[in-house]
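Each remark here refers to the structure printed beneath this line.
Going by the order they are written in, the chains are A, B, C, D and E; count residues from 1 in each one.
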Amino acid sequence: MGSAALIMLIICGLAFAGGGIYLSKVLAKTSHNPVKGEAYECGIPTTGTSWIQFNVGYYLFALIFLVFDVELVFLYPWATAAKSVGVVALIEIVVFMFILFMGLLYAYRKGALKWM
Amino acid sequence: MGLGSYISTVFSSVKSLLSGMKLTGYYFTHHKEIVTQQYPENKREGALILPERFRGEVTMPHDENNEHRCTGCQSCELSCPNGSIKIITKQEVQPDGKKKKAIDTWVYHLDMCTFCNLCIEACPTQAIVMGQEFEHSVFDKKKLKKILNKPDSKLKAGVE
Amino acid sequence: MIEHNLLEPDMITEDGDFVINIGPQHPSTHGVLHLKVWLDGETVKKVEPHLGYIHRSIEKMCESLSYRQYIFSTSRMDYLSAHINNQACALAVEMGLGVEVPDRAKVIRTILAELTRLASHALWWGCMGLDLGAVTPFFYAFREREFINDIMEETCGARLTQNFIVPGGLMADIHPNFVPKTKELIKMFRANIDEYNQLLTGNVIFQQRTQNVGFLSKEAAISYGTSGPVARASGVSCDVRKHYPYDAYDRVQFKEILGTTGDSWERYVIRIDEMRESLSIIEQLIDNIPEGDIVAKTKQVIKLPKGEFYSRVETARGELGVLLVSDGGSTPYRVKFRSPNFSNLSALGHIAKGSKIGDLVAMMATLDLVIPDVDR
Amino acid sequence: MITLSEIAHNIHVKLSGAITNETLLSITEMAIVGIILLGSLVMLSFFLGYMERKVAAFMQIRLGPNRVGPKGSLQIVADTVKLLFKEGLTPNASDKFLFNTAPYIMVITTMLVIAPIAYSSGFQIWDTSIGVLYVSSVSSVSVIGILMAGWSSNNKYSLLGAMRCGAQIVSYELSIGLSLIAIVVLTGSLRMSDIVMSQADGWWIFKGHIPVLIAFVIFIIASTAEINRAPFDLAEAESELTAGFHTEYSGMKFAMFLLAEYINLFIVCAMGATLFLGGWMPLHFGADNAFNHAMDYIPGFVWFFGKTFFLIFVIMWFRWTFPRLRIDQLLNLEWKYLLPISMINILLVTIIAIFGWHF
Amino acid sequence: MNAEELKQEILAFHPSVVFDEGGQFVNANIDAADVLTLLTELRNRPAFDFDYMFCLTCVDYKTHFTMFYHLRSLTHRHEMVVKAKIADVNAPAVDTVSHIWRTADFMEREVYDLFGVKFFRHPDLRRIFLDENWPGYPLRKNYEDPNMIEL
C-alpha cells in the first residue's frame, strides 16, 4: 500500500507540473528577443557569473545542522519508547541533551553561530 | 546574559508582537473602517465628487449662442511654462468696417500641460477655466492635441 | 592641514567580488536609483550610487522660464514636498524683489507646508514598513495621506503638485472647508500616530532591524552636508525653520528634535516625532489665520535686480536651497537647487559600509530619498 | 452520519464488484485517488490564494479582489489563466536542466508530504507507522528544489535567496523536529492515526500543560520559517532580493512554486492541527456529557479543516503584521532561542509523559 | 562673528580677497588658484570653523566661470560665500575641496558633469548624471543640445 501510494503521488506531481508547464508552452505566445534571455539584475547587464566561490557563512550553519540533525534522528526511536521505558529514558535523555547542549554552547562560544 | 533577562526579553518581544497583531486583528474584524473607493462605480453613482477648484484640463466655456470670451490676446500662451498653448489669430472685419484681431484656433496640447493654472491666472477676460475631466488616457497621442474654440464660435459682445 | 578623512580604510574590493546592481528597477529604491554594491556574502563592502536616470536638467530649463513660471517646474523635483519647493522658489524671488508677503499668505503657506511635510512623512513611514517587509503600514499611512491630499485638492486644485504659490503670496484664498477639515485631520492623525507606534515602532523585529545599524556620526553628518531628519538624528542642529525662520515659522513654538546616536532607529524616531511637531504647528496656526490680502502686488513681468539671491526652506527631507543668479533680465541667469536628497544620498556609501544587504534597504528607507530631487 | 471513510469504503466495494483483478483494482483506485487529490489540491491552493488576499485586504483596511466572480472569488482563477498564457523564460546563462527540474522537485516533494495526513477517521492516503518522521524528512527535500532553482538561475539575487533559504530551512528543521518529538514522547507512536486517537479525551494542547504549549508556539514559528513565509521570507525578500530564488521564473514554472508554497502552508498547518489540536477529533471536555455529544455531531473532517484553516489564518496574520527579520537575526532566533528552549522543553515533556502527569 | 568682523579676519591673513558690497551673505571673491588655501583656513581656524558646506556650484558668466562655495559654521552660526573666479574658459579647473567637506565629492562631480570644470586631485572625478560619452556640458551658456527638437 505504502509504496504504491508514494508512486501514485510522484506520478501525480509529475503529471500536474508537467501538464501545467506543457499546457502553458502550447498556449503561450512566444516571441524571440535576445534581451529576454538575460539574467535579471534590475535592468543592468550582469557583471560576470553568479557561480563564484561564496562566503562560508551559510555553509557553517549547514555543517552544524548536520550534526544536530543526526542526533535528532536518534531521538525519534527514543521518543516512541520513552513512555514504556520509564525513568531510565529520562536519565538517558538528560545525558543526551546535556551533551548536545554543550555542543551548541561550544559552537556558540567558537563563534560558529555568528553571522559573518 | 542572565536567565532572568533572557526570559523577560522573550516575554516583552512576544508582547510587542501581539500588540501589533491586535491592531491588524481589529481592522480585520471592523469592516466599516475600509477606505477603498470603487473607482468607476463611484463615478457612475455620483459618489466621486471633485472639488470645484480641481484642475483637470483647460477648457473654454461657450454660452448658448456659441460665444466665448477669448480675445486672442495671447497672454496665456506667453504665461505657459511648457508651450502647451498655441493661439492662431486672424483678422476679422467688424460690421463697422474696422479690422480686429480674433482667434482662429486655440490649440491646447494636453500632453504637455502640467496643470499649473498660470494661463487661467493670466487671462484678462476669464475666457478659459480649468475643467473637471481627469480621464485623459487615449491610445493615440495625437488625440491629446485639442482645439478649444468650437467651430464658428464668436467672441462675446462687450468683451475687450 | 587637517585631513577630514571620515571614512575607514576602504574595504578591499577585488575582481572576483560579488558585485550586484540594486536598481534602477528594484522594488526598494523608490524610483530609479542605481546602487552598485560589492558584497562579501551578505555583507556590503562598498556602495556606489549611480545617478542620472531621471536627470531632466531642471536648472537649465529654469534659465529659459520667467520668474513666475520657474516655480512650477520645481514641483517635479521633490514631488513629495512640492509645495515646499514652490515656497523656496517664491521666497528667492520675493527676496530679490524686496516684496513683503501679506500675513495671511504667510500663515497659509506655512500650514500647507506642514501638511505637505505630514503627507510626506506618512508616505515615508509606509514605505519604511514596506522596505522591511511589512506591507500593512503602507496602507495605513496612505489613509492619512489621502486625507491630506483631499484637503490640498480642495484648496489648491491638485493633490500632488499643488502649484499654489505665486511670487508675493498665494494663487487663491483657502477653501471654506480648509479649516474644519484640517482640524479633523489633526485629531485623526494624532490617534493614528499611536497606531503607527503600535504596529511598527513598538515591534521587536522592527527595533532589532533598525537599532545599531547605519550609524552616521555627527562629524560625518556635517561633513557630508546632510540635513533634515538625517542630520538631526546624528545630533546636528540644522532645522532651517528654527535657525533661519521664513514665512510664519517665527510665530510658532515647536521643538527641534535632535538625536544622539544617528542610527537607523534614531532617524526613524525623529520623523515620527516630527509628525507630532508638525501637527502642533498646524494647531497653533489654524485658528489664527489673519485676515487680509493673499498676494502682494507684483508686476506682471517680474524682473529681479542684478545679483545672487539664496533662499532656503526645510522640506520634509532637509534643507532645500535655491540660488538665483540674476542679470537683471526677466528670466534667471542661473538657478541652482541645493537639494537635500543629493547630499543625504552621498552619505549612503559611508553608512552602509559593513552592513548586511537587508540593512542597506533599511538605511535607504531611513534616508527617505526622493530620486527626482537627487537627479533634478 | 456520513463520514468520508464510509464514502471511500462504498467506492471500494463498488469497484471490487466491477473489477476482479486485484492489481487492476488497486491501480484504478490509485488513479481515482490521484485525480481527486489533484483536483482538491488545485482547489485548495485557489482557495488559499483567495483567502490570503482577502485576509490581507481586510487587515489593510481595503476590500481586496472583488471584480472577478462573486466577491472576487474567481480572481485567482483569472490569475492562473493569465500565468498559463505567459511565456516561460529560461535565462541563457542558466543551467537549463536544473532550472527546469526545480519546479517539478518542488511540486513532487509537496505531493509526497500529503500522504500521511489524516483528514478524517480512517480517511488517509497512507497510514504509515512512521508518519511524523516521514513528514519531517520528506518536507526537508524541498530545500533542494529551492537551492536548485536559485543556483541554476545564474542570477545573483536568486543565488543569495537560495543560500539564505538553505541556511534558514535547515536551521528551523531542528526546532520543528524537537517540537514534533515532544508530542511523540507523549503518545509513544509516530503513526498519525495513533496520535489523533490519543487525543480522544482532550487535545494535547489542553492536557499537556505548558511544555506542550511551548512546543506548539515553537512549532508555529518554526513552520512559518520552514515554508518561507513572512516574517521569515528571506529567500524571496522582495524589498531586498526582488524575488529571491524565483526571480527568473515566469509563467507556469513560477505558478508551480506558488502552488507548492500554498500546499506547504496547508501541510504544516494540518500537521500542527493533527499533533497539537487533535486532528479530526472533536472538542471534548471531561467525561461523558452533553457538550461532548453535541460536538460529536460535527463531522471529523469539519473539525480537521476548521483547525487547519485556523492555523493558516494565524500564519497569514503574522505575514500581514510583521516586518521581515534580517538573516543573522533569523539564525539567532533559532540557535539562541528556539533550539535551547525546545531542547529543555523536551526534558519537561519527558517528565510529564513518564510520570503520567498529563490529563 | 558678524559680517564686518568676518571680513576683517579674513583680510588679515588673506589680503587678496575682495568683498562684494551688500548682498545677503559675506561674499569673498578670490582667484581660483588661491581658493584651496582660503577654504582650508576657513575650515580649520577655530575662529571661522566653517564645518558645513551647504552649497557648491558654478556659474558660467561667458567670459569666466565662477565657483560658488556656500559655507556655514554650525558652531558659530555664521555664513559666507566664497566665489572663485576661473578665468580660463576653455579648460576650466580648480582644486578639489572634497577632502575638506565630504559633500563636495558629489557636488564637484555634478559641476564637472554639467560645466566641465575639472577638479584637481578629486578622488573619483566622473560624470555623475550624464553618460560618459555625452557631448558637451549642458549648463554652459554656449551649449546647444544636438537632440533638441523644437516643438
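Please note the rule applied: a contact is a pair of C-beta atoms (placed from the backbone, for glycine too) under 8 Å apart; a residue touches a chain by one contact, two chains touch by 3 or more.
These numbers come from a predicted model, not from an experiment.
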Original post:
Among the other chains, which touch chain A and chain D together?
Top reply: C
Original post:
So which chain is the furthest away from chain E, centre to centre on CA atoms?
Top reply: D
Original post:
Taking every chain's C-alpha mean, which one sits closest to the mean of all protein C-alpha atoms?
Top reply: C
Subject >> Maximum inter-chain contact count - chain pair >> reply: A-D
**OP:** Could you give the separation in Å between the centres of chain C and chain D, each centre being the mean of its C-alpha atoms?
**Re:** 45
Original post:
With chain centres defined as C-alpha means, what is the inter-centre distance between chain A and chain B in Å?
Top reply: 55
Original post:
chain B to chain E: how many Å between their CA centres?
Top reply: 42
Subject >> Two or more partner chains touched - positions in chain A >> reply: 41-42, 46, 54, 57-58, 115
Original post:
Using the touch rule from the top of the page, what residues of chain B touch 2 or more other chains?
Top reply: 17, 20, 23-24, 35
**OP:** Spell out the part of chain C that touches chain D in their complex, as residue ranges.
**Re:** 18, 20, 26-28, 42, 129-136, 138-140, 143, 199-200, 203, 205-206, 208-209, 356-361
Original post:
Where on chain B is chain D touching in the complex?
Top reply: 10, 17, 20-21, 23-25, 27-28, 31, 33-36, 38
Original post:
Which of the residues in chain C end up touching chain A in this complex?
Top reply: 16, 18-26, 34, 40-43, 356
Original post:
In the complex of these two chains, what residues of chain A are touching chain D?
Top reply: 1-2, 4-6, 8-18, 20-21, 23-25, 27-31, 36-42, 46, 49-51, 54, 57-58, 61-62, 65, 68-69, 72, 75-76, 79-84, 86-87, 89-90, 93-94, 97, 100-101, 104, 108, 113-115
Subject >> Touching residues (chain side chain D, partner chain B) in the complex >> reply: 55, 58-63, 317-318, 320-322, 337
